[in-house]
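Presented sequentially are two complexes of subunit A, the first with subunit B as partner and the second with subunit C.
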Partner chain A sequence: MKYFGLIWAGLWRKRARTIFTMASIVVAFLLFGLLQGLNQGFNTVVTNLNVDRLYVSAKTNMTDGLPISYSARIKAVPGVKAVSHWTYFGGYFRDAKNAIPAFATDAQPLFQVYHEMKIKPEYLEAMQRTRTGALVGEALAKKYGWKVGDRVPIGTSIWTTKQGSSTWMFDIVGTFDTSSYGGGFPSFYLNQEYFKENSAFGGDIVHYYLVGIKDPHQATQISKQIDALFANSTYETRTQTESALAQMQLKQLGDINFIVNAIVGAVLFTLLFLTANTMMQSVRERTPELAVLKTLGFSDGKVLTLVLIEALALCVLAAAVGLALATFAFNSGAMRAIFGDFRMPLIVMTMGAGTALLLALVSGLPPAWRARQLNIVDALAGR
Partner chain B sequence: MNLVRQIAAVTTMNFKSLPHRVGTSIVIVIGIAGVVAVLVSVLAMSTGMIETMEHSGRDDRAIVLRNGSASETGSALGRDAARLVEDAPGVKRDASGKPIASAEALRLVNLFRKDDSAEVSVSLRGVGPQLLALRPEIKITAGRMFNPAVTELIVGKNALANFKGLNVGDKIKTRGATWTVVGVFTSGGDSHESGLMTDAETLIAAENRSSFQSVTVLLDSPAAFQKFKDALTSNPALAVDVSREREFYQQQSEVISKVIYVIAYVVGGIMAVGAIFSALNTMYSAVSARLREIATLRAIGFGATAMVMSVLAEALLLALIGGSIGAALAWLFFNGHQVGTSIGGQASGHLIFELSVSPVLIATGIIWACTIGLIGGLFPAVRAARLPVATALRAI
Partner chain C sequence: MTAVVSLRNVAKSYLRGKQQVEVLHGVNLDISAGEFLALMGPSGSGKTTMLNLIAGLDQPSSGEVRVAGERIDRLSRAALSSWRAQHIGFVFQFYNLLPVLTAEANVEVPLLLTSLSSKERSKRVQTALQLVGLADRGKHKPNELSGGQQQRVAIARALVADPTLLVCDEPTGDLDRRSAEEIMSLLQALNRTQGKTIVMVTHDPKAAEHASRELHLDKGRLVDEAARRAA
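Moving on, here comes the complex of A and B:
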């Protein structure tokens, strides 16, 4: 610790150069934090998803749909707590640009399967009573200024009504809070019964059965049992856990992971080069000073340590600032609206710290070694 | 004249001494190469996607969907509606008087990607009997065309290359049918090459459904579009959206290509800031390495402007080299590199497209490089010019 002043002075020997080097390390770690944060954040969201929910869809493709009659048979599987379903309704409000994520469902068991969703019991009861009822997420209701009791027209490009119209009227009977789940949760529900009665065709299909199970440890076993029920029928099923489904959807995005890693790789490589160069240059310029230190009795090892610590201070300080900036940008709220409880993952911080250390070692070791090997006489003579 | 000669002399001298400063100069080159490589590669993704989608459309073709549909999978058109669309004015007719149009059904089939075995939804497009008249760009490159009424299909070139189990003779299971792959097609590098095609009636019959998703028609001429559109929108029996084919496909990829664009510029911008710092660093040390040289030149009468210009020229040269290396790297590694995504086609199946490093992108990269070089060279250049000659000479 007593050499702190010496290291500090060495660091700021050329003020402008140190500031610029630091600034570019800060920038690199800001990018690193943002990109890896996003990448890891997705992964954490995916792995932290609920394990006591299963999703049953058609084996050929989700869009093919399943018969509505499966509900009772799935409910009868031991270990199953509640069964609800989603039928994709789509739809839009007033203009096709205002897409509404609407699904037909059986509301009572839906909120048993999604037990973390908050809804008042009287709203659920009203939904049971009102055939044309609709439950709406609070954010969506706020967006269009809908209130309980409003009657709203929802247009659809798929489901024609029995009267041949593309517009369906719904009575909003309640709202619910999806904040514990994030933005991905569908936020407009209509009664499957009404959907079935009122649509000209296809009212009896289901895109996902949502299965709540008692014991998460039995997820695999129950999945297999459900799929076995319908094996070799016309409508075969595939049952997945919530996190398996999300992982599959994430993979559908394509090569994002590769691209993020490639960018981070390019950034770090560029940065490494820069810092290593600055360090070497700084040591080269200070050759006579290091020789003086050695003349005063500093051992070879001590000189090596001094130079290395200087590199370490530079990298770690700048990296900390960069990661702090990234965290600040990350937790500022924009992310939360989309992904729910989305925070800068701790693992990214750890990875960042590790990378900073590695960077310091790789860029600091060659000049530090050079400093260690200095011959006092030659160095003082400027040879 | 004198000034020009001064600048030329100092700059030449400068360039000749560059090899002695390779160590520091290389930093600026590599820094800028990194920025340009990342910027150009990411933009190449956006460009590639847009190109693929643009190829999918022709000005004299129009596509009709149910009113309010965001994409083909979100549309349903009954048989009567499809017939009304095909018979509308403005649609080109063949020698026998039949309209050149294709009422199409779109299904998604689960397939596995070859590279990471990820399960993706691939489009299976049921097309009408007039397919080849409507889309002359479709060419069978292996096997043969499917026959109607039997469960046969053909696969796009990119689908074959990227998904498992699509060789001629392979079987594919969908709801209600097992299909045999009988041929491979190309269609001029458009989005259809990422999918499968079969006969629409066979596809619909296999699933007991009765509706199409869209109708694509060949128009008499690009100008006939308005007539066609007006006829359909004024028909009370129809509730449809009519778009030019090219615009429709562009719109499908609009959101995602914009997102990629923003990512490219945000990431590229942040990296550029880093590169500017490294350029500043390099140029400052270049100036300080040449301290006595600059001081001597000033002492024998060279002007400040000549100093500024020579430092700027050096920064610019290094930036140009860096920019060219970066663009070349992006081109070498990514031009023609195929990537797949399910967000581009907006629920119309997994889209495979090639990254495209176009001349415009290379120019963009070089311009960025020069800008970084100029900013990074400016302050050190000013420092070189302001150097008090006496102090600098004494430093020797």
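Moving on, here comes the complex of A and C:
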């Protein structure tokens, strides 16, 4: 602690250079925190997805759809608790820019399969009673100022009505809470029966069967059983767990892990040279001062330690600010809207701290070693 | 009187490129406790080399260097560091203060190597600054002080750990006549009132007049004083 003044003063010897170097490290670790956090966020979301839910889609492509008649056969598979389904409606409100993740479904079993979603029982009963009813996520209702009892027009670019209209009218009969899933979860449900009756075509198509199972350990076995049921039929199925489905969808975005690691690696590699250069320059400029310290009795090891701690202070302080900013960004409303109730993973902070330490050691060691090896007589004579 | 510094057959040579340069040749010297010795001689005569050997900054090629009763020519680099911290106070020609630290912090640096508490260190720093007449300039950084004042701070830094020996390399070399005179008077006072043993290298005969003994080096050998005067 008694050397703090000496180290701190050395760190700020060239104020502008230190500030710019620190700013670079702050930005690099902000990027590190955000990208690694995002990566871990995706991984966490995927890992935390429920394993007692299966998704059944057409083997060829989800958009090909499956017959509605499969529902009863899937439900009969041993270990299956509940079966619901989604048919992608692709809606929008007033303008095509206001896209709404709308799906036709069988609401009663849907809320059994998605037992984490919170809905009042009376809303579910109202949905059963009201053919044109719609259940709306609370966030979506809030966004457009919708209330229970409102009649809303929802446009679709896919499904025209039997009357030839692309606008469907729905009566909002209830709202539900999807906060545990984040912002991307479907939050507008219409009755499958109404969809089937009113649609000019394809009303008996289902894009996903959502299957709730009793024992998550049986997921693989039940998946195989379901797919075996429809093997060699016109509509063969592919059954996946929720996390497998999410992983497949994420892969469509590219290998996020690779992209993140490549960007962070390139940034840190550049930073390594920048910091090492700063430290080297700083030590070179202070050669006579370091020689004076040695003359006064500071040992080679002590001088090496002082320079290393200076590099550590530079890197760790700036990295801490960068990671703190990344954490702040992660706790912001915008990020929560994407990931739900998600916080900066501790592993990212630990990785960040470790990287900062490594950066300090690798960039600080060459100048520290140079300072250690300094010959007092030569340094004082300016040789 | 007891010899604080004792050099026996000390030789020092350097390798400059491929050439071996002999700087000191079999020097013998005793410096008593409480003495103020001025080492004089032309450039390249080996004055600074001899000072560096006495201060434990360099090792002789051969011979024996004994300071404060210890054979320092046999000490390792690490042991020499710790020995210097205990026994040597160094005053440089260009003051060599740390520019980012205040005068107080500069004076405190040697005390960081001791086990003194912060309070004790601060007390000693104030005493040292008072001794050199700069008690009121402690919060100033070197660039806010004149050359003479900076050299006073450097002397305070050299004294603060109460070393056995004060080693000064051209302490007035960068100062105007008036400041140089003040610094020499201060060193003389330290020698006379505090009993500090001082070894000083200087070109300046006026500065050397303040010393209790003058020695001349020429081409790496101590010149016989009587012969020099006769010449």
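We adopt the following convention: the second predicted complex is superposed on the first by the 372 of 383 C-alpha atoms of A that agree within 3 Å, B and C clash if a C-alpha of one lies under 4 Å from a C-alpha of the other, contacts with A are read in each partner's own complex, and residues count from 1 in each chain.
The working rule: a contact is a pair of C-beta atoms (placed from the backbone, for glycine too) under 8 Å apart; a residue touches a chain by one contact, two chains touch by 3 or more.
Because the structure is predicted, anything quoted here is derived from the model rather than measured.
Touch criterion not met for A:Ala134: it reaches neither subunit B nor subunit C.
Once the two complexes are overlaid on the shared chain, A:Ile309 sits clear of subunit B and of subunit C alike. Contacts of A:Ile158 after superposition: subunit B is touched, whereas subunit C is not reached.
Using the contact criterion defined above for the overlaid structures, shared-chain residue A:Val83 touches neither subunit B nor subunit C, since it reaches no partner. Measured by the number of subunit A residues touched, the leading partner among subunit B and subunit C is B. Counting contacts by the rule stated earlier, no residue of subunit A appears in both its interface with subunit B and its interface with subunit C. Within the complex formed with subunit C, the residues of subunit A that make contact are 2-3, 5-6, 9-10, 12-13, 288-289, 292-302, 376-377, 380. Per the touch definition, subunit A reaches subunit B in the complex via residues 16-17, 20-21, 23-24, 27-28, 30-31, 35, 58-64, 90, 92, 96, 99, 155-160, 166, 201, 234-235, 248, 251-255, 259, 262-263, 266-267, 269-271, 273-274, 277-278, 280-281. Contacts from subunit C toward subunit A in the complex involve residues 52, 55, 57-58, 77-78, 81-86, 88, 90, 92, 96, 98-101, 105, 109-110, 112-113, 118, 121, 157.
Within the complex formed with subunit A, the subunit B residues making contact are 23-24, 26-27, 30-31, 33-35, 37-38, 41-42, 45, 65-70, 73-76, 107-110, 116, 118-121, 173-176, 207, 210-211, 239, 241, 267, 270-271, 273-275, 277-278, 280-281, 284-285, 339-343, 350.
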